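Across the two complexes that follow, subunit A remains constant while its partner is subunit B and subsequently subunit C.
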Partner chain A sequence: MDKDELVEYFRTQVRQDPEVPSAVAAIRTLLEFLKRDQTGETILGLRENLTQTIRRLEEADSSVAVSSGGELFLRFISLTSLEHPDLSQCKKVMVERGELFLKKISLSRSKVAKLCHTFIKDGAKILTHSSSRVVLKVLESAAADKKRFTVYVTESQPDSAGRQMADKLQNLNIPVTVVLDAAVGYIMEKVDLVIVGAEGVVESGGIINKIGTYQLAVCSKAHNKPFYVVAESFKFVRLYPLNQQDVPERFKYKADTLKAVEDLAEEHPMIDYTPPSLITLLFTDLGVLTPSAVSDELIKLYL
Partner chain B sequence: MADCGEPDGPGNKDDITRSKNEGKELTKEEKQRLRKQKKHQKKQKERKNEKGPSETEKDKTPVSLLPPPQPVATQKAPSALPAPASAPIPVPASAPFHSSPAPSPADKPAKSKAELKAERRARQETDRAAKQPGSSSSGIKTKVPLSELNPVVKRLPEHVQVDDPAVVKRLAKKLERQQIPLRSDYGYKVSLFSHLHQYSRKAPLTQLLSIPSTVIHPSIVRLGLQYSQGIVAGSNARSVALLHAFKQVIRDYTTPPNEELSRDLVNKLKPYISFLNQCRPLSASMGNAIKYIKKEISNIPSQCKEEEAKTKLLTCIDRSSLVNNILCEAFEKSRKFRVIVVDSRPRLEGREALRRLVQRGISCTYVLISALSYILPEVSKVFLGAHALLANGYVMSRVGTSQIALVARTYNVPVLVCCETYKFCERVQTDSFVSNELDDPDDLMVTRKGKTQLENWQDVSSLGLLNLVYDVTPPDFVDLVITDLGMIPCTSVPVVLRVKNLDQ
Partner chain C sequence: MPGADKETDLTERIEAFLADLKRGGSGTGPLRGSGEMARETTYLLRRITAQARWSSAGDLMEIIRNEGRRMTAAQPSETTVGNMVRRVLKIIREEYARSRGSSEETEQQESLHKLLTAGELSEETFREHFVHLKANVIEAINELLTELDGTTDNIAMQALEHIHSNEVIMTVGRSRTVEAFLKDAARKRKFHVIVAECAPFCQGHEMATGLSKVGIETTVIADAAIFAVMSRVNKVIIGTQTVLANGGLRAVNGTHSVALAARHHSTPLIICAPMFKLSPQVFTTCSLSLNDVNSCFPVLKILSKVNVHCPVFDYVPPELITLFISNIGGNAPSYIYRLMSELYHPEDHKL
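Now for the complex of A and B:
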């Protein structure tokens, strides 16, 4: 399965089911690659191929989740005892583990939604940022639980993703208002809580998310409003940025921009980093965590 | 009454006698308590004997027939008894009272003859059962949780209780047994830190040692002197020197006849460790190193021959300086950076670091800690070494570290602590007062142009010189801890400890 087929497969996955997280699509692609791969002679070779595939996919879609999801997938399938003398036997075991992993993480979004919607009280005013499918799921389950709340969504330029989110919420009959990115400070005194999604959760417990999240976090801290993050566990990534500069360039911009443009200093970054001191709680499928507990979970996953 | 003879309080006695009346067997704990009570009562009686020879003492024989004055005595100790109406109040304790002048019997709560008889029988059974220690207890062993009966008291380490004379006496006795001289404190101690030791460098411990001293190995004596004079300083250097000295000890060790190497060697190490502790209090990393060695020694199987055992131990020992190493390595990788070394009195350890960095060719600046806020605006990252990392995420390091972290936080400069995992310890500390080290106060005296300030500080009665060695930095000021296991946030120290314990 060569590079272009991979990318095609990945894109078809995303197109067919727009609800699927990009990391899940990437993992499905990896699994497909594993099943179809004939060239691997040794387990080490197999792992090499898989790492290369992850790199290819990152070139197609530069979000943090693809990178973290791929890494975790690799770790998960190699975590069993691969002592079988026959390579095809080992491959079968790895493919089984891969299917298991995929099944687990497909359910993670509903797990998160189940945990989080209890934190939304009746009559709450919620502020959210840009378009996040996890946050949508959370609000959906809260609405299904017959709770009454209103939502403010930031417009989130440059791609106006906030407007799409507002449309989806209106379809669910939830009262929603779109606000300017610059109006976050203005609206903060009216809201009760802030919920955002995350593209990646870093080792310190901070998050990487659409640009504008950091501002939102600082404002909510100044107004003493709780700032909640909802993220699935495959978004945990082994980065440790200390400030905005430390976030690697390959995540900051879209994949096409990285390939096309020479001087990135002219480009607007698409993501920013929110330090853990501004985050109240993280809702993941591993449970409700404080930012310092994220590192514990990461150590358990990776060490 | 001054000589209220109820030792454990009436409540406990109620329990025991109630259980006696119900015919149950005593548990071991209750028997122990009883024995203690009886001993205490005997002591009380003896005291009373000295005081009042006129008192005809009744022996604590349970079969004594109690004459009518007994109800008198019962009333004599009303303060100790909960309510006069509580029936089975053991009365042997009141036996000493009976001879004291009794108020008119008419005022007593009428204790019927039957009740008295019941009490007598209860007492007899109690004492009979207590006199058969092992036999009856083996029958029924009711699982009474020990914590209810003997509350576990957490002991404070003795080195933070120097102002408690009982603790000091205990330490002195322990050292006497191990034949190690006790180092005495020097100078006036600041009252907030009077619970810590303060030694003078001019009075080394070895002056009090007799030569030849058979208890302490010469390499340990040398090490102790090096510690107390400050020749070997710095957490890593001290641990490494300690391990080298232990290697020498193991090489020279021979198992005495009829002894096992694993047990005897550990016992031999104990006086060495006490000696080193007297010379300079042990650091957290040294504590971990010693724990590791003791564990290795005790894990040696008894069949192992002596030579084998020794080689095994030597091999397992064999593996701030850290920050310097990091900077030198980064320089070798041709990263362009500039170093600002912050130094503080009285130790001025930064000078040595500065020398090493400049020798490598790294461009450096040297400031004293008082100039910190002046230089911080041009700093991009702060690197700190650590002496130990505590289980609640606090960083214990050279005094001045927490100050740097605090100021760096206000300037939003990231603070990175570099620490190996062997320095992680299970202790918890939230401030720098509880457990610290007081260095020689004479170090604070400085001689300039022939004049020594503070030369006669001992003569001024209200003046105290405080030379602290360590301080504690809260985890909110530290952004990142770099360890041999990777980069972790400060709050994940207990997780690493847990993972390491699982490995071991």
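Now for the complex of A and C:
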């Protein structure tokens, strides 16, 4: 299957279903590649092809989620190939398990929402950052549970994603206010809890999310407000940044910017890293985790 | 008929237990320690396993889950009851898996690894019948009971590692575990204990009497003096009612203030709590929801136009705690989630 066809397939997935997480779309594309691939004769060759495909996908969409989805798929291939050394049988098993995996993770957002909405009490004031579909799902379940709460959303420049979130929340009849990114410190004393999504959850238990999340976390720590993160488990990624500089450049900027611009120092990064010391709890489809439990999960998978 | 007799006997015992639970909460019955509560619950669960009618593990789990729900509803603040029910449920799952011959590790927790490698979306139904399951489960419950019996001693055995000569230890109110802990250290070390009396019931006084009988130099202070005295204290050792899933505590009222004072003076805060106090609940921000409210009679004799709140419990966040000493050793608060995953199955967290 041609690399450009793949990227087209990926883009169509995202276009057709805007609700689908980018990691899931990436994994679906890779599974499609697996089904159509006729050239591979050995498992090593298959892995090579897949690695190249993932790199191509990352060039199309440079978010952390695509990278973590790709790595998870590679890991999945390795684990399955260990059990079935014969290639054709291995491929059959892989395709079966891949479909099953996709079915399971399509349910993960609802699992997360079910866990988290009990933490939202009646009369709560929630602060969230930018636009996250998982947070939207959580707030939707809480509203469906007849809870009354108000939401403050940061505008989240440079793409004003917060305004889209506010529109979606208004459609759900949840009272929402958009605040400036600079007004986070001002509004923090009024809120009861902070809930954000994550583009990636790193090994230390910290998160990579839209720029401005770190600020939010520091402010909430200073005011002693709980800072909750909601993320599905396929977003766990094998990075261990110690500070903002450690986050790889290829995640910080959009794919087009990376290709077009020479000197990245002039560009504004799109994401930042929030260390685990600022996070109270992580809600994932594997349960409610403390940041220290995240590395446990990753170890169980990768080692 | 002997069968029917056994059943009525069983239901009678369960009803008696539930009535006891309800009474214990309203303050009129004898105040029981959590250790006794845990033991009574486990005895009752063993009796249910032995006498109730069930053919497969699934039935037994359903029965125990129902009884567990009724017990926790009777006295929500007594979390050890729910914890023991969950332990027994986990025992049943393990014995079932062992009887089936599959390795126990794989079935238990959700994990990324399991997501990737699992075969079909198999729902474990526990429907198979095994002849020896009953005997195995009862044996495992007996092991659990032996463990419960030994908890205070196991914790006390670790005392010498943590308490050194000429130290000043502070404790709050009365905890049987801490009392045994300090008494064990007193056999070989000489140290000084400051007990905060813990109004309005002043259980600290009993604690101080108990400690001084063994020859430990004890001082009783009022709750208001805790911060003032804290600068001279080397360690704070306290007990708790429940350990929460995030490593926080639900302890007697006033503990949070002690914890904050200890943090301010950088004094280590050590919690002596046996494993059966570990509960899968996670704290939620509204503190009133986790609280019983006590009768305020000792606090205020004049009750005309005044609203008096007398909460029983306090929440202490995990950041303020240095170490948990339990019957399986010392652990950091960030490790509590791991211990929890070994004790309970995630599906049992909500009974």
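Before moving on, here are some points about what is shown:
Here, the second predicted complex is superposed on the first by the 296 of 303 C-alpha atoms of A that agree within 3 Å, B and C clash if a C-alpha of one lies under 4 Å from a C-alpha of the other, contacts with A are read in each partner's own complex, and residues count from 1 in each chain.
The definition used in the following text is that a residue touches a chain if its C-beta (ideal position, glycine included) is under 8 Å from a C-beta of that chain, and two chains touch if they have at least 3 such contacts.
As the structure is a computational prediction, the values presented were derived from the model and not from experiment.
With both structures placed on the common chain, the touch criterion links A:167 to neither subunit B nor subunit C. Of the two partner chains, neither subunit B nor subunit C is touched by A:5.
In the superposed model, A:72 makes contact with subunit C only, not with subunit B.
Set against each other, subunit B and subunit C differ in how many residues of subunit A they touch, and the higher count belongs to C. In the superposition on chain A, contact of A:256 is made with neither subunit B nor subunit C.
Looking at the shared chain after the overlay, A:104 reaches subunit C, while subunit B stays out of its contact range. Of the two partner chains placed around the shared chain by superposition, subunit C is the only one that A:192 touches, whereas subunit B remains out of contact.
Within the superposed three-chain model, A:292 lies in touch with subunit B and with subunit C [touch as defined at top].
Once chain A of one complex is fitted onto chain A of the other, the partner contacts of A:243 are limited to subunit B, with no touch recorded for subunit C. Subunit A residues in contact with subunit B (one complex) as well as with subunit C (other complex) are 292, 296.
Partner subunit B is touched in their complex by these residues of subunit A: 203-205, 240, 242-243, 276-277, 292, 295-296, 299, 303. Subunit A contributes residues 72, 75-76, 79-80, 97, 100-101, 103-105, 118-119, 121, 192-193, 226, 233-234, 236, 280-281, 285-290, 292-293, 296-298, 300-301 to its touches with subunit C in the complex. Subunit C meets subunit A in the complex at residues 110-113, 115-121, 245-247, 282, 284-286, 289, 334-335, 337-338, 346. Within the complex formed with subunit A, the subunit B residues making contact are 381, 414, 476, 479-480, 485-489, 491-492, 495-496, 499.
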